[in-house]
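Each in structure tokens, the structures are laid out below.
Paired with subunit B in one complex and with subunit C in the other, subunit A is shared by the two complexes that follow.
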Partner chain A sequence: MKYTIKKCITLFISLFFASILTFTAFHIIPGDSALSALGMDATEEQLEEYREIMGLNKSFPERYADWLKNALKGDFGYSSQYQMRMRVSTLIKERLIVTLWLAVLSFMLIVLVSIPLGILSARKKNGILDSLISLVTQVFMSIPSFFLGMLITLIFGVILKWFTPGGYVSPGENFGLSLRFMVFPAIAVAIPKIAMMVKFLRSSLLGEMELDYVRTAKSKGMKNISILFKHILKNALIPVITFLAMMLADILAGTILVEQVFNLPGLGRLLVSSIANRDYAVVQAIILYIVSVVIIINFLVDLIYQWIDPRVRRN
Partner chain B sequence: MKIKGKTCSFNYILGLVITSLVILIVLIGFFYTPYDPNKMNAALKNSPPSLSHLLGTDNFGRDILSRVMKGAGTTYIIAVAIVFIGALFGTIAGALTGYFGGWFDEVLMRFNDVLTSFPSILLALVFVSVFGPGTYNIVYALGIIFIPSYARMVRSEFIVLKERDFVKNAKLMGAGNFRIMFVHILPNTKRVLIPSLLIGFNNAVLAEAGLSYLGLGVQPPQASLGRMLSEAQSYMLDSPWCAIAPGLMIILTVLGFSLISGGLENE
Partner chain C sequence: MHTKKLAKVLLLIAVFTIALYGCSGNKDGTGSNTPANDDRSLTEPTEAAKSEPTYGGSVTVGITQELDGLDPHKAISAGTKEVLFNIFEGLVKFDPDGNLNPAVAESYQISSDGMVYTFTLREGVKFHDGSPVTAEDVVYSVKRSAGMLEPKDPTVAVDSALSVISDVVAADERTIEIRLKRVDTELLPYLTCAIVPKDYGELDTKPIGTGPFKFVSYTPLQSIVLEKNSEYYIEGVPYLDRVTFKISSNTDAAFMELQAGAIDILPYITDAQASQLPKGYHMESGPMNLIQGLFINNKVTPFDNKLVRQALCYAVDRQAVIDMVAGGRGNVIGTNMYPGFKKYYDESLVNVYPYDPEKARELLKEAGYPDGFKFTITVPSNYQYHIDTAQVIVEQLKQVGITAQIQLVEWSNWRSDVYKGRNYETTLVGLAADPAPRKALARFCSTAENNFMNYFNPDFDAIFKQGEAETEEEKKIELYKQMQAMLTNDAVAVYIQDPHQMTAVSDKLGGYTYYPIYVQDMSLVYYKK
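Up next is the complex of A and B:
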């Protein structure tokens, strides 16, 4: 119980700190936003009026509190980069599904591929298969994800014509088609992470295999495979869970680049274009979203961790 | 295979070979490139590899080989600068907090934890959106972002090493704290520090490539490997060599260094 409470406190402090950091970052930018919004011809009265309406005359903590209050209600203000005056929250809602879909698909791919490969690599330790997997892993960790995306587009999209580059379909419209398209960007995001996971899982499994309980089980006559699945795997997967949580942050970062390559209308592309267009309201909101998601998931993983591994609770 | 009594794995040798090749290309690039990397030649737009242009030309008619040589150089310098900033300040911070401990250490560690929960590209994007894109800005941004991981690593080494006998001996002989930290303890962190410098270099290269690809890093007409990839993307169908050359350069660079650092760790 103490562990849970400690983690809850850390959660709120982290979220609070993250929000302050995000807010501060975008409000130390020099320049008068009233001037840039209304133009050089505006009179002093008009500028003053704008400042009043936008709340620019309030003190810094006040502005932060206002922003936070609105943010918790889901109101992030208005975007400045499009012709139509769009609410930031509308923009984000549209794009969120795409990014989420990509992240979930990538995550599933990572888990489905890396666990068997990791087990294989550990069982056939120092064999040809192991060395091969090792080398391939190293190579794939050296490929930038966006370049991988470009290669995938070239090979599977243009040459083999298994999908149409740039043809995104939302899962709501047509799930099958959406899957057929999205699996490729998901592969681009997943492959470098799979490489890291395989390496990590392999060393975790090998570490477990050295322990006494394995020798005990073998001497009692258990077959290697049974030992593997009934005992070792469960223990070796524990650190892997924290690694997966770290992966999540990486996956979200990976989607930013991959969305650019495959032209997906997701949060990542919105973020990049908003930065280029100096649409700070949007950038702030997206950053806060992503960071909060990462912090919350890490918190949940910490909770799950203590449920799985009783040793953590005792400390 | 044994060299100087140490057993070298195949991977290590391969890493050394690849890295030497790559560094050689870049070094030559500093003094000589077959063509001016920025010289456009509309007549030769998008031509495939040939005897006169070994890696072909891009959509402006610029020689790709020359651009890769210069671009890789730019990318490397940026990556080295980033690792330098991160490792220098990170090591100092880690040494101080690991050695002295106390409440300052606790606070810094909490700070560190929160910082590492941000994906690093995100932090870099925040920095760039506030201060604007450009080569120097991404060096500062990524350099600062790399500090926490070096600090954490050096700190844990110091925490372990400061309890060792050679430190106690030095104290008995009257050595001052700073002398102990930097003359005695620090050299003993070499085994962990050096592979992490190599890995840091790799991460910096990939991060710079990513940011430049998004258009937020190195600005045209300066060449960097990431920039070349984003320029080449629209022409992938007709002239894939425009993208394959810089991409391959990145892969070889990162692969070479990671094989070396893997080899070092296995000793």
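Up next is the complex of A and C:
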């Protein structure tokens, strides 16, 4: 319980610092959201009026305090890149669904593909299959997702026409079609991560196999396969869970490039266009989301650890 | 005991997956657009197409800029205005030749002293919701565009050109009088400002206009969908039933979609893309009416010396730039005027600075820089075209011993540092056309806020004042040409070209038309028989 409270406090402190950092960063970089909103040829008078109304004239600490006060109430204000007074929360909510949908699909792919492959690779250690898997994973690990994305769009979208590049339908509207559009970006996100995961799982399994308890089990006369599934796997999975969780955080926060490549209307694209337009409110909210995701997932991993392995708590 | 732990681990993975999976199931009905290639079934145009228009069908146009709003009086980005052109109309409207035709108004008269414009409403013009356009709506719309409504809405982008209006009144049900503070012969092009229903509160989200297309839906970062306005007052227009403007994150992504057949029309393609068009598409091109130039800060050394600026002009081979960057598609220009205003534009100024590196070197020597000098060209990083141009110019300047360095800046920084802050040496960009020629020259007045080239010339100011007040067209043109010549002779900038805009168009489509202003007019586009 104490542990949980401690972690919660860390979470809030981290969020606080992250928000100050983004706010400061925006304060330092050049660019003017009033100019973005009113156009290049707006007169100084018009700009001044806009700044006054949007509260851009206030001092830096004052603006931060204002923002924080509203953010704590769940009000992130209005986006400045759209003229239609669009609420930041609405804007983000719509984009978040796209990003989450992509993250879930790719995460499922990672889990479903990498765990069997990793086990297979470890069991057939140094066999042909293992060498082949090693080779393939080595190659895919070194290809970044966005480049894979381009290749996939070219091959499956342009040449084979299995999907329409840039197409997106929300899953609520037409699940099948949505899946068809989303599977390819998900593959692009998943492949390098699957490769990493397979390698990681393999070495983790092999490490466990050398330990004394495996020898004991063997001398008891257990079959190799049941030693693997009954004893080795669950011990080997503990570090794997951390790794998976880190990946999940990475996917949830980092599909920006892939979204650009596949033209998905997700958070990543919103973030890029918001930075370009100096849309403070939106950037601030997205950064908070990313930071929260990373911290909360780490926090959950810590909790899970304790549950699986009570030794952690004692230490 | 141990099996339990393993079960826990696996259970956790499962819970993780399911929990997150559940999150994605939110059915807010967001993202309510469909890929447009599904509803293209209406027409089956054949290859052996004669250019005979048919009615119906739907078209997807690729755009690479997010819309900044749907309210025509608030939107400022050119990328938004060119889409909204299909939904809204003003009292008058531009045609593809750059002439102003009556639109919501049927006719207009200008009083002999030039102080009162009287518009007569067209009979039977309706808004998209079916209500007739009244004189009250027009008064409201013009006042709103001119920032004359109280209380003021700071998000309405007021065009300073409309500030000359003193009052707008409805004389009777079909007559509107626009009264001016002083004579202004260049007001009419700005009366293309959109006519919207009076006190309609949902312009931001459900815009209603009088144009050839009605607004259907808009999803940020995805698309805006329009459908045919079957009650449009011009008989036989538009041809298409539905137009989707699909928003892509960048030109490369949009071009990929075009290659996959998901986009029918893609404007602003690059030279490289034009040469890679897939089967079933062709390229159309026309002048952009853009002033592309190497703009110089006339106040910083060494550019405060006219000889240095002139040397730059002689050292740049403009035709070679066009050939290298755009495959020869572009027209060399010599001064700060949009070539689309044919009457006002002085074409002879193109020949003032022919490519002459010898002369450039001489001028440099005379100015005290026999060994050349170093300077930076600031270019906004999102405009590949300008970056390419700058690269060619850097090479050309090496020939005369000048070392130029390209500095890429973000567009937002460019606006605040270069354009507003005037903190730069030279910059390579394009100045987009305005509805009236005066704006091209107004920025060179000493007191102009957008005089980012820091040009100060009392003679110019005097002639500008004279030209502004002049009501006789012949004399006005004469004065405008004088100012253009002044700018060229003072070498305020290295004027390069009016680039051509290249658009990829599906072979099934006809009627894609270029305008001297930034618009994507879909009302004339049709499927060929």
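Keep this in mind: the second predicted complex is superposed on the first by the 265 of 315 C-alpha atoms of A that agree within 3 Å, B and C clash if a C-alpha of one lies under 4 Å from a C-alpha of the other, contacts with A are read in each partner's own complex, and residues count from 1 in each chain.
The rule we apply is simple: a residue touches a chain if its C-beta (ideal position, glycine included) is under 8 Å from a C-beta of that chain, and two chains touch if they have at least 3 such contacts.
The structure displayed is predicted, hence computed values, not measured ones.
Of the two partner chains placed around the shared chain by superposition, subunit B is the only one that A:14 touches, whereas subunit C remains out of contact. In the superposition on chain A, contact of A:261 is made with both subunit B and subunit C. With both structures placed on the common chain, the touch criterion links A:169 to subunit C but leaves subunit B unconnected. Judged by the touch definition given at the top, the superposed model places A:231 against subunit C, while subunit B stays out of reach. Contacts of A:158 after superposition: both subunit B and subunit C are touched.
In the superposition on chain A, contact is made by A:283 with subunit B only, not with subunit C. Of the two partner chains placed by superposition, only subunit B is touched by A:142; subunit C is not.
In the superposed model, A:272 lies in contact with both subunit B and subunit C.
Judged by the number of subunit A residues each one touches, C leads among subunit B and subunit C.
In the superposed model, A:44 lies in contact with subunit C only, and not with subunit B.
Across the superposed pair, subunit B and subunit C both touch subunit A at residues 29, 153-154, 158, 260-261, 272, 276, 278.
Against subunit A, in their complex, subunit B makes its touches with residues 11, 110, 113-114, 117-122, 125-126, 128-130, 202, 206, 209-210, 213-216, 226, 229, 233, 236-237, 240, 243, 247, 250-255, 258-259, 262.
Those residues of subunit A whose C-beta lies close enough to touch subunit C in the complex are 29-32, 35-44, 46, 49-50, 53, 81-86, 91, 93-95, 97-98, 100-101, 103-104, 107-108, 111, 153-154, 157-158, 161, 164-174, 230-231, 233-234, 237-238, 241, 244, 248, 259-263, 265, 269-270, 272-273, 276-278, 304, 307-308. Note for the complex: subunit C touches subunit A at residues 2-3, 5-6, 8-9, 12-13, 16-17, 20-21, 23-35, 37, 66-71, 74-77, 154-155, 157-158, 160, 204-205, 219-222, 246, 248-250, 253-254, 256-257, 259-262, 382, 410-413, 415-417, 419-420, 449-450.
Contact residues on subunit A toward subunit B in their complex (touch as defined above): 10, 13-14, 17-18, 22, 25-26, 28-29, 134-135, 138-139, 141-144, 146-147, 150-151, 153-154, 158, 249-250, 252-253, 256-257, 260-261, 271-272, 274-276, 278, 280, 283, 287, 290-291, 294-295, 298.
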